[in-house]
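Questions regarding the structure given below will be posed in turn.
To keep things simple, chains are lettered A, B and C as they appear, and every chain counts its residues starting from 1.
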């Protein structure tokens, strides 16, 4: 069994945004030289997500509005968590809806994807450095 | 390390429904002849889910009503995504709540499950052909 | 490839609560003697979660209030599922928001975590015995 590890680094200029990282994950699979296995991709921070969905700008706007309805950023006093030095209580909730991680099959040296699957980094408390972990195991 | 891959195909006659696929996943584990490992089961489409919960008809109705409250199908103009040729904006949101995938332990050649765990395919934009991927790795 | 399996048992005295299980998962990784691989941690029951987030008491209160807003416990007649002998319909919905499982990379014999990642058992229908499964595979 082989294993491969890589980190991606982000510094998103807005509070909330989504970045397509599919090519970078596919690049990691290539570098791993693993042909059959599983690829874990997870946010290393607890106010961010990694998720799989469509690369369509309207949908991403829909996600942002919907997440702000489910877990509004303001008033920041709404969240007990914000009584610490933080104001990102909403980001911890949004991240649970969108998920921390994805696990993707690796088949014949490639991400084994359906026709529209794309991997996104989801940021809910940006303007600071964050990391994503890629871990691939297989043969 | 061994690996095994199989696809399941669905064409659900309604917009939203849930199908118990536990026996088919257990069948794949048997065919794989893997005794100890991990089994990934994921929707290959971005308006569908694979999730684990109870096989109880009332609960499934509860899920449908709740998901329609969290992300209503209508008015379809509610979603910017529907300004493309689609009308399935809600399905992309519902799928995030229910999740894309499950990872299940394989122990002694079987799905290593608690007493009530059952695997479901969750469709949120049916009446078209969709696929589910099973990937098992282990020894 | 090596594999390791362990169960944790919980009996939470309240209906809803969160328990930090990070040290117990790290202990399992140590006992497995696996250095590079993947660690699956999942609730074996369908009204409970395993999730990764912050160990901050205010945030946990925020999660509880938010989950009770998204899926109220009462009136219990709200859920068709409660027409069976159960009154835990809400717990099945809350668990989908928070997720069933996490998959964590194992690197150099340790959980490969960002600075604030902690693993929690999330109970939504307590006062009964429940189990969590740990399955680790790797080399």
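Assume a contact is a pair of C-beta atoms (placed from the backbone, for glycine too) under 8 Å apart; a residue touches a chain by one contact, two chains touch by 3 or more.
Since this is a predicted model, take the numbers as computed values, not measurements.
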item: Numbering shared by both copies at the chain C-chain B contact, with half separating same from different; value: different
item: Angular offset of chain A relative to chain B [C-alpha, multiple of 5 degrees]; value: 120
item: For chain B paired with chain C, centre-to-centre distance based on mean C-alpha positions, whole Å; value: 20
item: Of all residues in chain B, the ones touching two or more other chains; value: 1, 38, 70, 97, 99, 103, 137
item: Parts of chain A lying in touch with chain B, wherever the complex brings them together; value: 1, 36-38, 51-54, 56-59, 61-63, 66, 70, 97-99, 102-105, 107, 112-117, 137-139
item: Partner chain B, residues of chain C touching it in the complex; value: 1, 3, 5, 38, 40, 42-46, 70-71, 79-84, 89, 92-93, 95-97, 99-101, 103, 131, 133, 135, 137
